[in-house]
Structure formats: C-alpha cells, structure tokens
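Both complexes below contain subunit A, partnered by subunit B and then by subunit C.
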Partner chain A sequence: MKQSNISWQSVKTLFRLDLRSRKDATTELSHKDKAMNVMNFIFGVVIYAMLVAGIYFFTNMFVKRAGLSLEHFLSVSNLLTIGVSTIIAISTVVKNLYMNGDNELLFRFPVSGTEILIAKSIYCALHNFVVTVLLTLPFHIIAGAIAGASVGYYFGSIAMIIFQSFLPFFIANLVAIPVMKIVNLIKNQFLLVLILIIIAICGCFVIYMNALSSVLGYLADNRVNFFADPTIKAKIIEFANNSYPINLYAFVLVGGTEVVWRHPALCFVYLLLMNGAFGVGAYFTTTRCYYSTILCGIESEKESLVKVHKTNKVRSVFGTLLNREFFLIFRSFNYSFQYLAMACAAPVMVYYCNALASAMGTKSVGTTIVPGLTLLVIIIFVTIIVSFASTSISREGNVFYHTKIIPVSYTTQILTKLFLYGIVGTASVVLCCVTVAAAFVPEAGGALLTPLDVGMIFLICELVVLAETCLSIWADIKSPTFNVSGDGELVAANKNVAVALFVGIFTAILYGVFAMVFSFQGLTLGKMTFDMQPAEVYGILAGVSGAILIASACMLFVNLEKRYQKIVP
Partner chain B sequence: MLTIKNLKKTYPKSDRLAVNDISFELKPGEIFGFLGQNGAGKSTTIKCLTGILPFDSGTIEICGYDITTDPIKAKMEMGYVPDNHSVYEKLTGREYVNYVADLYKVSLEDRQARLDHYLDLFRLRFAVDRQIKAYSHGMKQKICIIAALIHEPKLWVLDEPMMGLDPQSTAEIIAYMREHCRKGNTVFFSSHNLDLVKKLCDRVAIINDGQLIDMFDLKNNEENKANLEERFFKITGTYEKRLFEDYASQESEDMRPELPTEEDNNDNKPTDEVEG
Partner chain C sequence: MKKVMVGILVIIPVIIVLVVAMVSVFVSMSAHIAVDDITLDKNYLEIEYDSEQSAFKLSDLLTATVTPDRASNKTYRWSISDLVCIDEEYKAEWDAGLIPAPAFVHENQEVADEEMLGDIDDDTCSHDGYLHINTYCSFLLKAQAETHIATCRVYVVGFKVESIKVIIGDTMTVGQNARIEVETDPVEAIVESWIY
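And now, the complex of A and B:
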C-alpha cells in the first residue's frame, strides 16, 4: 500500500461518514424515539453504576480485607482491565477494519486504502480509549480512595490510563489478521463452530459463576475473610509480582524504589520500549496486510459449504420440512448460538446457578426451598431457549412465500416447527434434570432433592416448555416481522422474543415462589393457613401447566389455516 | 387448466383495488403472457393464484381444484418461479431441489432423471452441491426454475422469469416453455419484454390499474403481433409518438408495426377483444 499522497480531508470525511453511519438515519426524532434514547442512556448509566459498585466490593476485598498494597492490587486489576480491553479491541478492529460490509462500498470512492485504514483506525483507537478509561478509572480511583493515596496519585492515574490504552489497540491490530484467517477457515465448519461456541459459553459462565460465588460468599459472611488468609495473600502478591509486563504500569504509578529495576522511571522506559515494539509491529502488519485481507474477505464472502455426498434422497413431507428447518438453524452462526448452543449449555448453567442459589438459600432459609429454586432456575434457562420459537415465521424472511405455495397444509408446517422446538426443548429439560439429579439427589450432594422432586420438576418444566413453544409460535403468526439482512437472517430479535422472555421469566418466578413458599412454611391469609405437602404443590403446578398447555395448543391450532393465510410478507 | 373468475384483491390499509374483477381462462397446451406496467396488478394476480395472497372475492381454479377450498391439490398441479429468486440460501442446490421434490412426492427415479436433465439444460451441474448463497443472480433463478419443474407441473407460473438471465439460459427457458406446452401443459408468465411475448405466447392479456383491459390471440395472428406494442402503450396510457417510434425502430423489420398517425395519438382507447 502506498504511504504517500494521503488526503487528510478524505480521512476526515471518511471518519465523519463512519460516525454518522452509526447513528440513526434521521435527525428529526419523534418523542417516542427521544424517550427511548433517554431510557437507553439511563439503562446504560445504571449498568455502569452496577459495574462500579462491583469494582468497589472487589477493591475493598483486596485492599482492605486482604491488606494488599496499592502496587500489588493495581498489578492484578490492570491485568484484568487490559485483558478485557484487549478482547474488546480485537473484536472492534476485526468488525470495523476487516468484516464491515462498507469496505466494498468505500473502495468504489476515490479514496485510497490507506485513507480508509486511517479513518477506521481512528474510530477503533477512540473506541478502545473510551473502553479502557471506563474500565480502569474506577479501579484506580476506588483503590486510591481506600488506600488513602495522595493527590498526585490521581493525576498520575489519568496519565497512566491514557498510556495504558495504547497496548490493547496495538495487540488488537497484531492479532486481528490471524483471527480473520481463522474465521475464514472455519466459517463453513458448522459443527466445529457450534462446539466452540458451547465451550466458550460454558467456560465464560463457569468463570463468571465462580467469581460471583466468591463475591456473594464474601458479602454473606464478613467474619470469614478468605482474603485475610496469609497464604492466600502471599499467593496474590507473588502473582502480582510475576504478572510481567502489566505490573510495570503499577510500578510506574506507585512502584517502590527498594528494587532498582522497579524504579518508576526505569519501568516507564521498559513500557515505552514495549509499546513501541508492539506499535511498530502493528503498524507494519496492518499497513502491509490490510488491503489484501479485506480483498480476500470480499472475494471469499461467497465461499460456501460444498457437499461431498452428492446423492438425492427421498424423505417424507414431515421429514423433509424438519430437515430443512434444522439445517437453516444449524448452518447459521447467529441461530446456532441463540438456540442450539444455548440448549446444549443450559445444563451447565442450571447446575452452577442452582448450586449457588441453593447454597445461599439453604444458609438463609433452609433446604426445603431447593426444589422451588431448581424449578425457577430450569424454567428461566429453558425460556431463553424456547424464546427462539417466537421468530419461527419471521425467520422465513424473503422465502416466506415458499411456505404458501408448497402443497403442504399450514398445520403440518407449524407442527414440524413445534416438533423440532419441542424436541430441542425437551432434550434440554432432560439434560438439566439429569444434571441436578446427579448433583443434588445423592448424599454427597447434600440430598437436597428427592427423585420425586426431580421427576415432578421434569414434568412441570416439560409442560411449560411445550406451552411456551406453542405461545411463541402463535405470537409470531399473529405479528411476524420479516426484517432480514442480505444473508437472509433476522436483523434483530423482534418484539415477540421480548414478550416470550418476559412471560417465561414471570412464569418461572411465579412457579418458583409458589413452590418455595408452600414447601417452606405454607401460606397464611387471615385466619386461613394453606399448608401443603410437596406432592400437592407439584400436583397443582402440573395441573396448571397442563391446562396452560391445552389452552396454548388450542390458541395455536384453532383456525390456524385462516390466520396463516392472512400473513402477507 | 387455470380459471380465474371475478378476482378482486385489496391490500390491507389501502382503499385501492389492486386487482379489480379479473376473469380469464387458460387452456391446456398454451403459453399465456401477462402484460402490464409496474404496479398494474400482474404480480398481485400471480400471488393470488399461487396461494401466496388471500383475495377478497372471486374464484381461482387450477386443474379443477379451487385454490381456496382445495389448496393442496391445486398447488400440487402448479410450479411457481418468483420474481425475486428468493430461495433457502443455506441449503445446497441439490438439497433445495430434493426438498421441493419431497414436498411434491416425486419418486427417486423421476427426480434423478429430471434433475440430471435440467442441470445439463441450464448448465448448473458444477454448482448444484454448493450452498445457494454462493450462487449468482442468474444461478438462483435457474435453481428456482429447476425446483419449479421437478414435479412436472401442469401449470407453470413464472413472474418475470428472464430477469438477470444470460442469453443462453433465456433461450433454453423459451425452448423448454414450448416443450412443456407440447406435452399438454400450460405456461403462464408475466413479462415486460414485449418482443419476447410476441415471439413466444399463444395468447396475451394486458392489465392496467388492476383491470384486465385487453386479451387477444397472438398465435397465427400476425396483425395482433404487429399491433402488440401499440396496444400496450395505448392501454397503459404511456403512448407517446416519439417514444413509440424509438421503441418500434428497435424492432426487426418484419415485426415492425405500422406507425400510428397523429389522430391515433389522441385516441387512447383499447380497440377489441376486451374481457373482464
């Protein structure tokens, strides 16, 4: 790529174009849009406030409880924030520089590849800077406040965070090209992608739940200070001392001078050299490979699966509809992630959530609430999976006409979808129940559940899954939104998904609370006390679920042909 | 083969009749052209007769089966090629054709023989085991056509079928339309290409603003062939002498119609064989 003749005016125009394309197309917003924007902003602020609160507890735990020095704490927290920033930066660089659909469009303009690269890189750098600041600043300020740092520390922190923001950006630019190569390599390996997604989901969830468990444990019992244990403290200090080169940032800011090479000035030189090396490497890698990589991306966009088994096969009508429905989900990264991966990962999530909730609940209330908690947790996770059915018609997108012209009744077509979603939902419920049975029924697991509990939880959850599936499909038949992107996939989840999630979670809470309240102490209303045996509680819930299932199946199938015929794409 | 009687269709949230009291009948063995400007009601009529759109009143019968009361049997006799070439892009060409063949209950022997024939006819064998998302515009159109023909439908409905096709494939489709009709089947297609319609169709209907204005024979009727463009331009209210002369001058000498006079220019009314 030629380096000369860069028009900074073009770079500025491209950058502004990039920024504008991320905003709404219209400048005149309706009151509803403005209200939504305000709500989104408030929601964002609340989420960030929760993050800051979490950081406060985390920092308090290390600095106050464990008595870690600021230097060691910042070494650990910087490792965390730089790690997260780097992951976000890689994602931003890959999406904006290499995967963005506007690359082909921009190449048609009279601008050079270098100008496009610079304009997009400015956006990525700014994005990375904001992320780094938002993540790192609370750690520095809170740690400084708890440790009673001087005013100079806070000014130094700001300078250090700005300096710190370069590293994730440089690493992202170095890593993005190999990441793109891997993405291109595995994009049609659907099973491999699915397995990788499942592993990633389970891994992230396990890490998250373990961290949450530690924090909640700390909050629940202040007397037992895990971090005050001298052995644990020594291990953390050893880890902080060995977390090169990230700990150098902390040494620059608050490093002691007892060891010569930890002198702040010297550490700064090390960091400068390291950043320089990464920066030069990123510069040469990106400028040399950017153009060829996106050209390769544009050229390989149409690369697709080539089937090796070139035979024609006869299937029944039901079988062929089922086969098509499954492959349209399986061969889509988004749909695989939303549905199949979540269904496979659900047992792991249920196990960890249930273990944590049971541990917390048993401590505060008693073991009698565990069946109710298990019911609540399983229904919540299964609801997330089942909500996918609420796009079953919308996902047909541009090919919806096909469902109208084929010589198959709409009832059969809907039954096929219901069958597939029912099978996946049932499989997920079975796996979840087997997992909780294996974990909580034996004596070793605390015998928190009985076989009767597990059997009835399975029955109730299964009835709820089928009812929710029927209702989700019914809702999508009632108001589908065929808003699909170029590759035929839904642009965004429609309102039916939100409604399905809300109804499912509401049901889960209702069922869970009902089971917990009556299994714990019964309910007293005035002079009347409703005290029930577990079998009675399960009987009522199963009966209600059965009635809901019958009602939802009627809603779905009565007059289905007429209602479906009215859908106009 | 196809009987449409008093078809009326209004779109929701619209007062305008997209199709207003259309009636016509298609005979076995004929190629029928359906002409009209953009938005005249061609695609709406086709979508009603294929079962895609519900309609307000009237009846549509395909091979004697009513599309409303007996839709499965009616659809079984029909093959449809849409104008937007939308197919399941995540399936391979072979998977898609097999899927359609399964739905129409085509035996393994028949589908193998037909698929082989069409793959060679449309030169698509090299791509049939690739995902359709990798296909070009024309290749998608070809796989739609193959899927529509895999069950040898008695009524073959095509909505602007030649769009995006290379000349070779266009010629193959024209040849196959004729072959399909020789077997006693019927082809019903909409088009903007008057020259193609003139050369290919046995009969033609012109629709304007939702109403069927004109319907006449082209087979063995050189006068109607010669007047097709003029009739079309006048019916659709787009007649302008200068434009018409330009259009007509592009036609081959033997097909060129007599240029209209100044008087004709002021007269926009359709002349004969008006139905519906």
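And now, the complex of A and C:
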C-alpha cells in the first residue's frame, strides 16, 4: 500500500472493480444464474410494492382519517425514513468500509488508503441515496396526493429528498467507527452476538406485526379509528412540532411564514449548517481513523483461534460428528441467523402471528378456525428453520472431501445431521406449542384452543418437521452447491433452500387450509357434505404426515452410500 | 441468505392473513358457521315511564352484536323474564288477569287488547320488535341468537310527578298544629320545589 497523493484514476478503477465484483461481472453468467437474478429482482419488486401499499394505508390513516396537516405528517414520516436510512447507511458503511474481505487484498495494491476509502465511500453514498429515495419518495408523493398538494410541492419534494439523503450518510460515517470498535470487541463472543440477533429479530417482527395489525384494522374498520381521538391527534402534533431538527425538512417544504423561525428559507439555513457540521465531522473522523480501524478488524479476526485446548475430549464417533456439526452453525453470522436465531425467535413470531390471524379469523368466521390456523402458523415458521438442513452437505465447502475419507460411513454422518436438525426442529416445535398453549388455551386467552388441539398440532408439526428435514437433506445430497472459494462459507441462498422454503410453505398452507375448512360442520363441496369431528381431521393429517415421513426417510437412506459417493464438488 | 430470510419473514404474515381471508370467504359460502356469541351494548337500562308512550323499538334501546361476522344465521329474538311489578295496584289487577302484563315484547307497535292478556313467558319478537311498558316494573331483557343469550336488566322508573296526595288528619280543632305530609306518585319522582 502506498502513501501518496490521491490518484483519481485509481479511485475510478477501484470503484469499477467494486461494482464488477458485486454484479458477478467477472464470470460469465449461466442461464440459470440469469433466471435467478430475474427471480431475485421480481422478489425485490414484490417486497417494495408491499412496502408502498403499507405506506399508502398509513398515510391515509394519518392525513385523511386523523386529519393531520401535511407539515406534521411529513415531520413524523421524515423522522421514520431518516431513522431507517441511517440504520441502513451505518450497516452499509460498516460492511463495505470496514468489514469487507477485500481490504486485506487491497492493502497490497499500489493504491493509498484514502483512495480505497473514497472509492468505497462513493458506493456507500450512492447506496444511501437510492435507499433514501426509495423510502422517502412514496411518503411524499402519497401524502401530497391525499392532501391535494400543488405541483410545486412535488418538485420541491424531489429536491428535498436529495438534500435529505446527505444526513444519514454523514451520521453513518460518524457512528461507524464506534460501531466497529464494539464489533471488534464482541466479534468472537458468539453467544452474545446470537442473543443480540435474536432480540433484534423479535423486536423488528413485533413492530412489523403491530404495523400490519393497524393496517388490517384500518381496512376492516371504516368507522372512526383511534387516530381520530383528539388526544392522540394532539400528541402526534406535539411530537411532530418537537421532533427537531428533522421537522425542519418538512418546514422547508410546506412550512408557513406566520412563525418567523419556521420560515422555509431560515429552516433551510439551519439544515445547511447542521449538514455541514455533520459532514465535516464525518470527514475528519473517517480519514483519521479508517486505516487503524481496518487494521484492528483484520487483527482481531484471528483472536478466536487463540483459545488453547490442552486436552482433547474423548467422544464417541457419533458425539464427535454431532459436536462438529453443531459448532459449524456458529461458523458465520449467516448460519447462526438462519438457524439458531430463527429457532429461538420462532415462538415469539408464532405468538404474534397467531394472535393477529386468530383475531381476524375469529371475528370473521368464529373460533372454529383457530386450531387449523395455529397448525398453519407453526408449520410455516418451523419450515424456515428446517430449510437450513437443505445446505447440510453444501456447507461442508472446501472440506467436503474430508467427509469422504474419514472412517465413518456416510449413513452415520447423515444420521448425525438428521439427529441434530431433528432435535433443534423438535425443540422449536415444542416451544411454539407451549407458547400457543399458554396464550390461547386458558379462559383469559379466549379458550381458543383445547389441550387436545395443542397435542395433535404438536404431533402433526413434529412429523412434518422430520419429513421436511429428511427431504431437505436428500435434496442437498442430490444437488449440492459448494462454495469452494474464500473460506467456503455459503453466503447466498442456493436453490435447495428456495425449494425447501417453497415446499414447506406450500405444505403448511395445504395442511392449514385442510384443517380450517374441514373443521366446519355441514361443509358442502359439490354434491358431498362433510361433517367431520376435529379428532377425525387431526387423524387424517397425522396419518398423511406419518406416511410422508416414512417415504421421505426411505428416500434419504435407501442407496445413500452409493448416492453420497457420487457427489463431486 | 439473510436477505432471503428477512424477505420471507416479511411475506409470511401476509400469506397467513390472505389464507385466513380466503378460507373465511370459502367456508362462509360452503359450511354452516355457528354463532359464537351475542353481546348487548348495555347490561343495565333505566327507562322513564311515560303513560303517553308505552311502546319502544328494541333496536333503539339496545344494540345487539352477533359474532362471528359471517355467521350463517345472525338473526336473534328478544324476550323478557323475571318480571317484577312495582306498582301494587297494577299488580293486583294483572294477577287477576284483568289487564296486560306490566311489560312485554311484541312484533308490532300496536297490539290488540286480547293479545295483551296472553302469557308473556312465551312472548318473543324479532330484532325489529317492540317493548311495551304499561307501568313501573323491572325485568330481564334477553336477546338470543342460536343457543347464545345476552341479557340486560331493565328498570322502568318515573321521575315525573303523576299526582300528589296530601296526608293529614280528618279533623282539626282551632289552635291545633298538624304536620302535612305529601306523597307523590310515583314515589321516586324527583320534585324540585314545593309551593304550599
């Protein structure tokens, strides 16, 4: 790494290299990869469309129902979007500037640290700009359309959003250094990281469910909603008036001139000064601490290997394989997130999702729907955890051949994997069932479920989980995707994960719909009338699940040695 | 992988809500959806007796809500029970079968005299029916949908003075003092001022 003046040609080259590596432009894309990219794009568009729809309902609630002025609404929405943009910007800056694996490589190039910093910062700034625009524009346009704003408002909005995008980027650069210091400290504290991830997942999901519940309540109830309550409205207005300095953006756009300090021109000057202060602070902090923080990060990566084990614990072959398989999950944030964090967070997610859907179903068709609904919710969430088994072979990565030469039969190795995933899946199902039993069986919870319901739901879910685990491992044996470059970590979801998720969600819907529909008496389908008791519905589903489990176990273990032998990375 | 998982977590609740909505629509067309509950907006009601207005539309007095929303049969019927007549004179005549019950429900606002003298325990009316009140009394008003019942305790009271009675001795002598007592009809009538 050279220490010299900035060469903009180097910055340009570094930036181009960065973009190319992100787009996988260094290799020729196969048709399959192109199709996958298209699917990813469509998936992203669907998620964004859902977000815009949610924004529309919220804006309608605030502006139309509650009668908030555009100024107050934009103050609240700007606070939300700038908050989210800042969190995303911090994540992007930390990942790209400090945690990116290419830092070690770039240090060997004939480029200076400042050039690397500038090249990466350009990407972060662009990323932040796109995120801010995508988040803020729907709020501004929808609010303007609902409030009947003039044409000038829309042009002003575009200018204001561009101006607004600077603040998250500057804050992110200021905050990234302390964040990285903390990350370097806790990087090897796997349990702590896992707990933090679980708390973050649960917190975000609860917020999301509350938002979804409000939207559904709004859709279902066209009468006066709680926003129309004068005290709530007054609190929102008070909050908007006091949300400095973010509300200044709204004052610039739609502020009046009756209060002197809210004059748009004056507010713009305040914002300009604030952004300038943050920008200068971010510049000096980043340029002075970038190099040392990266070095600290690279050095602390190896700290986990410092721990010395004086004696090797003697374990059985099965125990050794189980131990290895378990610790493999802690190997990366991705694995921990997809598996253990999801497994631990599943009961919370099941509770909130079930509470929302039960309230909706009970209001519409009564409590009869609840057991089938609970079955659907538990299977669908456990599916996410089980999908991890569909990378059980692929995750071996560079060391796959090791599994072929160790003096342990392939069947034992696969049994170990199945045992571990089965145990974690079972634990998750038990926790989910205990949660719904505690919440919905007592009178206080509406007595929506009986102990029989919970017992049978557990049995069916358990059979489904084991069957899905067998099928997931079978699919990965059939077509594994090894990442042989880098440290072998499987970062991107492969097709087996997608198939496992799709099959799991489809199965959950099938089971849930069957249980919900056939729980109702006097069901008429064509010329046939069904009068099934709950026990009969559960019996059929348990029988089918048992048959699927036997079939999937046979698929996994029959000719396993031969099929495993054929796997070539 | 993390992005896929986050995306899935965002979509799953929406999928569940859509499935529940579709199943609800389907079963409401194909199966019998039993009534889960019926509730009244009040469990205690005071009606001021007015001899000029004896019939009250029940739906104006109380609002009954039958759940679930898509129940196959959301109709309900009104009835009354535990009828207690406060007016002793009226009660004596009612017991003798000479006059109608102090309160009863009926489908119509106008009721023929012979119908009024029937047994009120068997009387029910639809949700559009009327409550007929003939004197001061209390009773339990019931709304029943399928097998579910909601009740409201109703008190028929009077705050307006219908008549007053001065209670004083039959004869008085010169120089005698006597206390004048006044009794209002109904006894719970609210009297704001007296002029002797």
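Simple rule for what comes next: the second predicted complex is superposed on the first by the 521 of 569 C-alpha atoms of A that agree within 3 Å, B and C clash if a C-alpha of one lies under 4 Å from a C-alpha of the other, contacts with A are read in each partner's own complex, and residues count from 1 in each chain.
Following the convention adopted for this analysis, contacts are C-beta pairs under 8 Å (C-beta built on N, C-alpha and C of every residue); 3 or more make two chains touch, one makes a residue touch a chain.
Here the structure is a predicted model, which means the values were calculated and not measured.
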| item | value |
| --- | --- |
| Partners on subunit A (subunit B, subunit C) - clash or fit | fit |
| Touching partner for A:I177 - first (subunit B), second (subunit C), both, neither | neither |
| Superposition-derived angle with apex at the Cα centre of subunit A and sides reaching subunit B and subunit C, degrees in steps of 10 | 150 |
| Touched partner set for A:I116, first subunit B, second subunit C, both or neither | neither |
| First (subunit B), second (subunit C), both or neither touched by A:C461 | neither |
| Subunit B versus subunit C as contact partner of A:F205, first or second or both or neither | second |
| Of subunit C and subunit B, partner touching more subunit A residues | C |
| Partner chain in contact with A:N398 - subunit B first, subunit C second, else both or neither | first |
| First, second, both or neither for A:V408, with subunit B first and subunit C second | first |
| Touched partner set for A:M342, first subunit B, second subunit C, both or neither | second |
| Subunit B versus subunit C as contact partner of A:L376, first or second or both or neither | second |
| Partner chain(s) touched by A:N312 [first = subunit B, second = subunit C, both, neither] | first |
| Subunit B and subunit C, minimum CA distance [Å, superposed model] | 20 |
| Set of subunit A residues, in rising order, touched by both subunit B and subunit C | none |
| Of all residues in subunit A, those that touch subunit C in their complex | 43, 46-47, 50, 201, 205, 208-209, 212, 216, 333-334, 337-338, 342, 349, 353, 356-357, 360-369, 372-373, 376-377, 380-381, 384, 490-493, 497-498, 501, 505, 509, 512-513, 516-517, 520-525 |
| Contacting residues of subunit A [partner subunit B, same complex] | 188, 302-308, 310, 312-317, 319-321, 323-324, 327-328, 331-332, 397-399, 401-402, 404-409, 487-488, 565-566, 568-569 |
| Touching residues on subunit B, where the partner in the complex is subunit A | 11-12, 47, 50-54, 71-73, 75-76, 78, 80, 82, 84, 86-92, 94-95, 98-105, 107-108, 111-112, 115, 128-131, 133-134 |
| Residues of subunit C touching subunit A in the complex | 1-2, 4-5, 7-17, 19-21, 23-24, 26-28, 30-36, 67-71 |
